[in-house]
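Multiple structures are listed underneath, in structure tokens.
First chain A sits with chain B, and in the next complex the same chain sits with chain C.
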Partner chain A sequence: MGELVQHLLNATILGGTYALLGIGLTLIFGIMRVVNFTHGELYAFGAYCMYALAMLLGVNFFVALVLAMILGAALGAVLEIVLLSRLRGADIDTTMLVMIGAWIVMQNTEQLVWSGVALSIANPFPADPLVMGPLSVSWNRVFVFAAALLLIAGTYHLVNRTRLGKAMRATFQDRDTAALMGIRIDRIHTATFALGSSLAAAAGALLGPVFVVAPTMGDLAASKAFAIVILGGLGSVTGATLGGFILAFVEEIGAGYISSGYRDAMGFLLIILILLVRPTGLFAQKERIG
Partner chain B sequence: MRKLIGPIATAAILAGSLATGAVAQETIKIGVTQPLTGAFAASGNYVAQGAKIAEDEINKAGGVLGKKIQLIIEDNKSNPTEAVSTVEKLIEKDKVPVLMGAWSSTLTLAVMPKLQEYRVPMVVETSSSGKITTSGNPYIFRISPTSEMEAKAFQPLVAKMGIKKADFLYTNNDFGIGSGAEYAKMLKANGVKIGVMETMDPKATDFSAQLAKIKAAGGDTLFVTTAVEQLTLILKQAKEQQLKVRIVSCGGSNSPDQLIEQAGAAANGSYHTTFFPPWFPEVTKNPDVSKRYMAEWKKRGHNVGGLTEGYRGYDGIYVAVAGIKAAGKADPEAIRKALWGVHVKGVYGDISFMKQGPAGKESGQNVPTVYLVEIKDGKVVKTSF
Partner chain C sequence: MSRLLVSILVALLASVPLWLTDFYYLHVLIVTGIFIVAAMSLNLLLGYTGQLSLGHVAFFGIGAYTSALVSLGFEVHILPDVTVGMAPKPVWFAMLCATAVAGLTGYAIGKLSFRVRGAYFVIVSISFAEVVRLVALNWVELTQGPMALNNIPALTLGFDGFELSFLRKPAFYLLVLTMLVVCYVIIARLVNSRAGRAMIALRENESLAMSVGIDVTRYLVVATVVSAAMAGMAGALYTHYIRIVDPDIFLFIYTVTMVIMVVTGGKGTLAGPIVGGVIFGIVPEVLRGMEIRPEVQWIAYGVLMVLVVYFLPRGIVPAIESYMSSRRRAPKGEAVAVAPEAPQQ
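Take a look at the complex of A and B:
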């Protein structure tokens, strides 16, 4: 019994992390339809920013988190302006190739700057875990969970309840009409990419102290993020959030009671099953085709 | 401007080929394939740094057969497919007569058919999977111990440590699976009950599910096989989940110094197998060699945490060069035959090869010493057993 409850607690905490990884990508991949291969590198960038700020420059942990998000947004904006703004209207393959190139360049730059040796970030939370009877969880992970929920709620509000969010949705539904309505679509493209990037950097900055920071850390994060977004349905913040939690539960329970060797395969098996029943994912919005 | 680029490029290429042509006459090339980028980048770079120290030392002492040696180090990107390409490039383009590589068992197993196809010997400096020397590849000369040797060396400690029930957590590749199987076999033979055998993806970072299961299984000792990055996370997460068992890491790629730095207090009380203990080099078979290697490593400003990995490359190059010297020529087949007779005083101990694998196509296998160390109050100490 204690084991099952511990598994469920682990899955909930992990789900918050996965949801955070998913929402950043759902904005870029789901709404903008850019297959963003740099998502994992923006995640790693956030973690390295956190390391540089908190460990090398001695910035306060929480201030460093906010700065890492801002730097992530800035890097996202640069990527969008330098690479993607030239590719508006290009087909998906071209954009995808450019993003693959950017991914490789970014990952190798990280190794060049930081070497391949993993780095760790100290956190200000108590070293002893939070213990409740037979259960235990680290304070750092509790903080990450709370921060993730806050960021998810903020993103949901921004996309669905603000003028900027409305402009975003309008732009990516129909660029020409949105432009005719007076929306400055170039800025919306840059803003959306920057927002998605800043969420990826936030995930990296939050999880860097939980795990270790290494140049390849983004690969796994990106593959999970794509799985979550496809699972939840493209472009839906709710879908990405629930997708994150579903993936975490399937992995945790699968590893706990079926086989840990297939832990990472479970999620993808689930995607196949869900796509067989609902080809657009769980929460995809209806959209006009053509 | 554009007009100029053509001639300049041509001149540069000509100059380049002339330069390499000139160098080729004076040097004997040794091919090295290591994971310099990707998941194992940290370890691969340490091995390459160790190899370069050996290269410089050997050249300073006059080289071999009157020529200088030249390492050609290729990055196999921690990827088996890339590893095969690097070996083909080194053999076909650079015409190296002997190779060293390829760090992980999976990478080494991937390149082995190519060694047989091109008939070029390779010194294996790190990999531990038993399959490497038992599959009948006569071009393999391994200086690192197999998982079986490691488990056997651990045997006397089972009773001393009072191990009654053991659980396992290992990375889901040739290295982890091989190590888990050998240790479990040895423990069973010594009357230890085996609880759960959990695996993890080599890239995974969250082990909460596995650790919760291990906690419920209730063993007294957890044997973990993976490299230092995952090991750091396992120590940290085991503490988070209040897993109060003794953790023993196997495989020797565990860099206790890095664990202390990164896992902090969570590393205390854990045990680690290693094949070179830089904390007490005087216990090694050739303390003078160990100290010389350590002094140069520190002089070059390399990361001290990498000392437990770099010696593999250092010894590997000395062994390859001993093979060339004994062969009397830089010819792959002659080096292969000569490697059977080499005796090298290395950091690994006194290196020589015994036969392993099916008769008629045996691989060479060295028998290094295995050490067990403990992390106690943030320091690496000899175990009291």
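Take a look at the complex of A and C:
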């Protein structure tokens, strides 16, 4: 019993960062109709920023976190302006190919700059875990969970309560009408991509100190983000949040009771299962069958 | 291209082992040839039906593993006391099995994943390849996992006394060339048939194709089966050439390589994957000769991919074709603006 509760606790804490990854990807797809293959690299970028700032330049841990998010947003904005702004209205396969190209360039640049050696980031939290009866969890993970929840809440507020969020939602519903109402679609696209990138970089900066930082870390993160948005339905922020937690639970339970070697396969198996049973996804309202 | 020109080209390629004595170059040509077959099979899905399938390497890898396992023999415990196994079989039979198993997988995956389109389909196809890779990595009893399957036998054909061995590079080169020509002919026949026209129709406008009575899912599944079987065959060729196979064969980067070959050469054209395949088969070797680090080489790939999408969105072959046809028309003084036509065959 205690073991199960410990698994559930681990899953909840993992789910927070998964949700963060999924929300970034789903926002970009929902508003821009772009499948962002660079999402995992932006995650890795966040982790490397954290390493460079906190470990090499000696910046305070929490300041470095904020800076990593800002740099992630900046990189996202640059990617959007350089690569995607000239592809407005292009079909989804075209933008996907461009994003795959960008993904290859980014990952190999990381490899070139940082080499393949995994790096670790020190964190300022006490080494002794937080113990509650039979359960234990490290302070660093508690912080990661709290920060992830804060960022998710912030994103909900931004999307649902601000002018920018309103413009985003309008663009999501009908791009042309939104443009006619005076919304600057180009700016909304850049802002959305920057926001999604910033969330991915935040997830990387939060998880970098938990795990290690390596050039290929983005691939796994990207594949999980894809699984999460398929679970939740592409374009749905609520779906991505729930999808993040569902994936974390399935992985944790699957790794704990079936086989830890297949941990990373769980998300994909879940996708295939959902397609068999319910091709419209768990939370998507929109028609998606061809 | 006229039939005569194609025959001359094939004859020229067939004569390569006679005058090219450096086995390193022959090796490059063999691997390039195998990847061209894989890229041609991907082109059937990507170019003709318009489905961006990013799990294609799964079929290639399934073919490679099936062929390796059938030719080596295997034994696995399904349940603690139930064992399934197979004694080693001849390599030609193993390669046929690989083609069949990959084709069957294609059927199952096609049936399943064509319930969705667009971005969903792309992600599902990637997921499928990842699951297969993780199975290959973790089912150690069957696949040896990361230890890889070693000592895979080379292909030999014939009876006692008259044996044709494909262990040496010149013979294997001719085998790959033959397979390439066979696959090319199959694809050319298919896309110029009724089924091929149906595929192109659904690529151009799926709703319209459905409205005139084309059973869209059926043709998509047909294309997937042919494409998967061909990729599986290419994987089998690869495995009996390299003679070792490990789970890295399923890495996403190989799918990306195939996609780059098809997109650069020209998706939806018969010659496109060949042109793209030759470029991306030879260029890495040239870059390696210049002692450029592999990361830089990959960065160049990525940049090239982006540039091709921007400046040659339909690929090299259609660009050359439209240039040739505009030159042919020019002397007649007909200032006809050539509308971007749908990719020919």
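We adopt the following convention: the second predicted complex is superposed on the first by the 279 of 290 C-alpha atoms of A that agree within 3 Å, B and C clash if a C-alpha of one lies under 4 Å from a C-alpha of the other, contacts with A are read in each partner's own complex, and residues count from 1 in each chain.
We take it that a residue touches a chain if its C-beta (ideal position, glycine included) is under 8 Å from a C-beta of that chain, and two chains touch if they have at least 3 such contacts.
It should be emphasised that the depicted structure is a prediction, and the values quoted were computed from it without experimental measurement.
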Requested in this report: Could you check whether chain B and chain C clash or fit when both are placed on chain A?
Outcome: clash
Report task. Name the contact category of A:117: first (chain B only), second (chain C only), both, or neither. Result -> first
Requested in this report: Would you check which partner chain A:10 touches, where first means chain B only, second means chain C only, and both and neither mean what they say?
Outcome: first
Query raised in the report: So, does A:219 touch the first partner chain B, the second partner chain C, both, or neither?
Result: both
Query raised in the report: So, A:100: does it touch chain B (first), chain C (second), both, or neither?
Result: second
Query raised in the report: If you stack the two complexes on chain A, which partner ends up touching A:181: first (chain B), second (chain C), both, or neither?
Result: neither
Query raised in the report: Touch check for A:63: first (chain B), second (chain C), both, or neither?
Result: neither
**Report entry** Which superposed partner A:108 touches (first chain B, second chain C, both, neither)
**Finding:** both
Query raised in the report: Looking at the overlay, does A:252 come into contact with chain B only (first), chain C only (second), both, or neither?
Result: first
Query raised in the report: Touching A:261, do we find chain B (first), chain C (second), both, or neither?
Result: both
Report task. Check each of 81-89, 225-233 or 243-251 in chain C against chain B and return the one that clashes. Result -> 243-251
Query - chain A residues contacted in one complex by chain B, in the other by chain C - result: 108, 111, 219, 259, 261, 264
Report summary line: Contacts from chain C onto chain A in the complex sit at residues 50, 52, 112-120, 122-124, 126-128, 130-131, 134-135, 137-138, 206, 216, 252, 256, 259, 263, 293, 295-296, 298-299, 301-306, 309-310, 313
**Report entry** Touch list for chain B against partner chain A, complex
**Finding:** 36-42, 44-45, 172, 198-201, 203-206, 208-210, 212-213, 215-216, 228-229, 232-233, 239-242, 258, 261-265, 303, 305-306
Query raised in the report: In the complex of these two chains, what residues of chain A are touching chain C?
Result: 29, 33, 35, 83, 86, 92-94, 96-98, 100-105, 107-109, 111-112, 219, 223, 226-227, 229-230, 234, 259, 261-262, 264-265, 267-269, 271-272, 275-276, 279, 288-290
Query - chain B partner contacts - residues on chain A that touch it in the complex - result: 2-3, 6-7, 10, 13-14, 108, 111, 115-120, 127, 129, 131, 136-138, 141, 211-212, 214-217, 219-220, 251-256, 259-261, 263-264
